[in-house]
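By written order: A, B and C. Residues from 1 in each chain.
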Amino acid sequence: MSAPAPAPAEQSSRRLRFERIPMRRIILIVLSVSIIYGVVAGSTATLRTGVFTAEDWQSLFINGLARGSVYALIAIGYTLVYGILFMINFAHGEVFMAGVYTAYFVAVAFAGNGFLNSNPLLSIAILLLVSMAVSVFIAVLLERLAYRPLRGAPRLVPLITAIGASFFLQYTFRGFYGANVRAYPTIEILQGKWTIFGIQMLKTQAIVIVAALFLWFLLYLFVARTKTGRSMRAVGEDREIASLMGINVDRTIVATFAIGGALAGAAGILYVFLFNQVIFTMGFLPGIKAFTAAVLGGIGSITGAAMGGLILGILEAVGPNLFLTGAEVPSPNQLQPVIAFGILVLVLIFLPGGFLGASEEKRA
Amino acid sequence: MSHLLELEGVSKRFGGVQAVDSVDFFADPGEIVGVIGPNGAGKTTLFNIVTGFYSPDAGKINFDGHNLVGLKPNQITRVGISRTFQSVRLFAAMTVLENAMVGQHTRTKAGIYGALFNTRRTVNEEQKVHTSAIESLSFFGERLTPRINSLASELAYADRRRLEIARAMATEPQLLLLDEPAAGMNPAEKEGLIELIGRLRDEKGYAIVLIEHDMPVIKGVSDRVVALDYGKKIAEGSYDEVAADPQVIAAYLGKAGSEEQQ
Amino acid sequence: MNLRSALKPGFVGGIVVVYLSAIGMVERFQDRNVITGLVGLGVVLMLVAFAITSYTAARKSDSSLLTGVAVGFISGAFVAIVTMGFEGLINAGLDVRGMFVSITPGLLETLEFGLNPVVGAFMMVVASTAVGAVSGVLVGLEYHLRSAVVFAIGITLLMSLGEPILRVTLGNLQIPTGWLYELGGLTIAGTIIVLALAFGLRWWWMSRADTRREAAAQMPEATRRTWGRASLMAAIVALVALPWIVGPFVSDVLGTVGLYVLLGLGLNIVVGYAGLLDLGYVAFFAVGAYAAAIFTSPASFLVTEEGQQFAEAGFTNLWVALPFVVIIAVVIGAAIGAPVLRLRGDYLAIVTLGFGEIIRTLVLSDWLSPYLGGAQGLTRVPAAPPSSFDLRNPQHIYYLILAFSLIAAYISYRLVDSRVGRAWAAMREDEDVAEAMGISVVRYKLLAFAMGAGVGSLGGVFFAAKIGSIFPNSFGLQVSINVLAVIILGGIGSIPGVIVGAAALVGLPELLREFGEFRLLIYGAILIAIMIFRPEGLLPNKRRQRELHEGQDLAAVDLTKEGPS
């Protein structure tokens, strides 16, 4: 005898039991276990081969710290804007590019007449000023022309605009300055190495790390202590109430973009200390990586942006060699973007609030 | 006889706030239960737990022989619970009819295949969706049916509330959860609402749980009233019993008192 | 009228023209004749910029002619002064081109109309003032007349820009074109004829508008449906006949446009219907192309040495591979989608972008190059049988792409008003409520994502079949942005919009090689402009339009409908 057909209630109950299996959680667990396995296995294999000496790891670490400092400075621009407008300013990488690319021509002029190496500190200060000024100008222009008309629009609308702005700016500067890679003139006093606490590092790396820390600290004080900084936090909390309290919301938003731009401009100069070249597309990858850093640290948090930047920089510099060499992956450093984007994806999946950020908003 | 919906020791915590604190609760078939309590008492959180938007930290929820804990909101709708929202949440860019048709989602099956080849089953099903949506809308007499092709956002406020109920009806529930249905209504509309809730039970056979601040409405419709404060159940019984309960009075007066002080 | 009100638009016009010059657009476009021997496209570009600024300013003012003249004058003066400034800097021996690579002698020559700097500057002011005056007069004209004038100018411009297609097409039809075109532009006589014809036609059409509307209103439902069907059939017949009318070169362009229509329809399901902004759409395009190449190329790593002969003989062919490719893409789409679909919209966008870049990096890497060819790409994707239907022939592959685009369009069309379409629409508007109505948000997001992946991979397969070899460079973020721009320009969620978007954004630049380097610049500008001024796109999907204008009063919506297009 065959069993009687299950009653509808029973059937739906069986369906529910099946659907109750948390598929997503299972996928996530499988994913995280395999990633952890890959990382551990790859790292141990690499370490066992002994291809890299302790000094190699040290220098990779410093390298990561230096580039991470640059990411951290750019990330602050994302974090500030997100904290106040809840939009991803996708074009922020281009703000970064615009400043340092423009300053390039000043650097070339200085190098041409010898000023660059006869007055290196003054030259660097001027380059910084030019780069920051141009970046601030572009950031503020962007806000005024592209984003301000869209306040209050559905969330994806400003994001699409920002993507459009990113390409628009890239190709604008391509039109202005050309499509070639241009080598930044070298500054002699920045060449060579220092030994600090027994660790050898390039002078540029040390300077980048210290300068980034200093700028970050300035910003931290600014946001914590000044009136504009307090306004920024207030507007981020609740724009309407802030404006009722007499805060000029427009001006505060402009200030936010300007500060983000200034730091991006400074980051640009630090970036060329490390990488020595500019091209119109140079903003894209650092931009995305800085955004990753901002999310990693918890978007909206300035400390988070700094931490996220450093962590990302180190993972990116050390990671491919550590995880992949042992797995006999040829030229692992080619896969650096995979590490960066992989972290981005994983952070958003597992830790959408970041290390320091608030958890996802409540629903319903 | 077991209850239609039964909660046992349900708790939910948000950070430092105990939003719902080991609440026992039930509703029987065909029963209308009013849930009252000051703002922040955990009423809406309770709804969100029952409908699967939050998962409880502790406790059991049973409905019609199903364990609801761990089910997603859409699955809970499928087993027969439907709800409205405190701040009316319609699909504003859809027409009145489309809103009600969305409600039929779980009661229909058509997938891509049916849509592409326009199979007889899909055609019949679309017909059924249409009829049933119209039926839900016509429950409100002449309020919604003449406007089925206008946008939900064009409706008057009270009609939006009605459409939200119609949409919930279209899911063919056994239990309807209404979150402050009388909010923003004038006295005449409230009268209509009392009658409507009665009809929902009598004609459709739903069990109804409603959150409401408006005491005349609660008094007018409830078979049983449950009072919450700070996430705890503080009283349960007939309207008169609960209204006379010193803890309930204290809860309301305490709130009112502290509001006055501000 | 207040002169100060003309100051700002005047400067805006001037800055825009200086900007267009500084990025090299004016000079590059000037290479192309609009009216041969009279004006090039670069000058037209400037004049259009002047016209638009003076027109918008004049429309807001009560004395339109004066405002138009003033705005035109200020713009022109600004441009003239900047031009003279650069001339001076160059004469002073400054290496301006070392920084601004586009400020070339050729550009300055264009800006000075080939005259000496001072006379050129004077001419610039005269020209811009004249354009301003014309714009001002236009504003004052009665609606029908103005519309006919604008239409005539627009058509003339289009006729001129369309020279590559039109000349070839007319030639194929044995129609002489010597009277109309000369050296890539319109002849003067041709210009006059086109202007007059377009003006007359528009005038006639508009004068009959009321009668036409009445006739349409009186038409019985059945007749109207027949008409609708007939015009759809006519359109399909025209599409089928097209490649043989326009010839192989334009067919190739049509094939590319079709590819983007296909990709656009796929992305439209994801972005337009399900409301998920996918910035990594190129990933599925790449999966399709690479999977097709791996399955069919004799150079593929799947081919063993013994199998070499079979492979050369076409053991697996494109038709066999096609379903497998799509299945693979759908599986990858679902696998990528499953963990991330719970994310909020903007995060999802960035994650998908990340996936796209990960796939591109992997394809480029030495690590996977034994399988995917690294930077060298995969070559020798064989022609698909039968040999009489050679897919390398643009006139042939066009049909394949057309067929699948029609299928994709049909699928989209059927889905949008079905139970599935309603679920998507509900989810797009309010995820929580959709869930409370019993819609499994995850399932419907996955469904959209997987369908988009499948369609995208089809695009990739045809791309591989069309080109015969694939290189990682073809699969950058730009592709995702191109497709996104296509559906956004046409109107998110709108099927005709995808076609118009692809024709405008892919077809036009293919025809105007001068566009090439400014393509992404223009796409970026379009994304910004559409989002600000007309978020529902050119041919909006009704429901989407309502969503985007929620909360605005209806008057405002009507205004955008009536605006000049």
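Note that in this section contacts are C-beta pairs under 8 Å (C-beta built on N, C-alpha and C of every residue); 3 or more make two chains touch, one makes a residue touch a chain.
Note that this is a predicted model, so its numbers are computed, not measured.
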item	value
From subunit A, the most remote chain by mean C-alpha position	B
B-C compared against A-C, more contacting pairs	A-C
Centre distance in Å when subunit A and subunit B are each reduced to the mean of their C-alpha atoms	45
Distance from subunit C to subunit B - Cα centre to Cα centre, in angstrom	47
Centroid distance [mean C-alpha coordinates] between subunit C and subunit A, Å	31
Residue list for subunit A, restricted to those that touch at least two other chains	363-364
Two or more partner chains touched - positions in subunit B	53, 72, 75, 78, 85
Of all residues in subunit C, the ones touching two or more other chains	432, 436, 547
Subunit A to subunit C touching residues, read off their complex	23-24, 27-28, 31, 87-88, 105, 108, 146, 149-150, 153-161, 163-172, 174-179, 284, 288, 291, 295, 324, 329-332, 334-335, 337-338, 341-342, 344-345, 348-349, 352, 360, 363-364
Contact set on subunit B toward subunit C in their complex	51, 53, 72-75, 77-78, 82-83, 85, 89-94, 98, 101-103, 105-106, 108, 110-112, 114-116, 118, 122, 125-126, 129, 151, 153, 167, 171
Of all residues in subunit C, those that touch subunit A in their complex	19, 22-25, 98-102, 275, 277, 279, 338-340, 342-347, 349-351, 353-355, 357-358, 361-362, 364-367, 432, 436, 442, 477, 481, 484-485, 488, 517-518, 520-521, 523-528, 531-532, 535, 547-548
Touching residues on subunit C, where the partner in the complex is subunit B	410-411, 414-415, 418-423, 425-426, 429-430, 432-441, 447, 451, 543-544, 546-547, 550
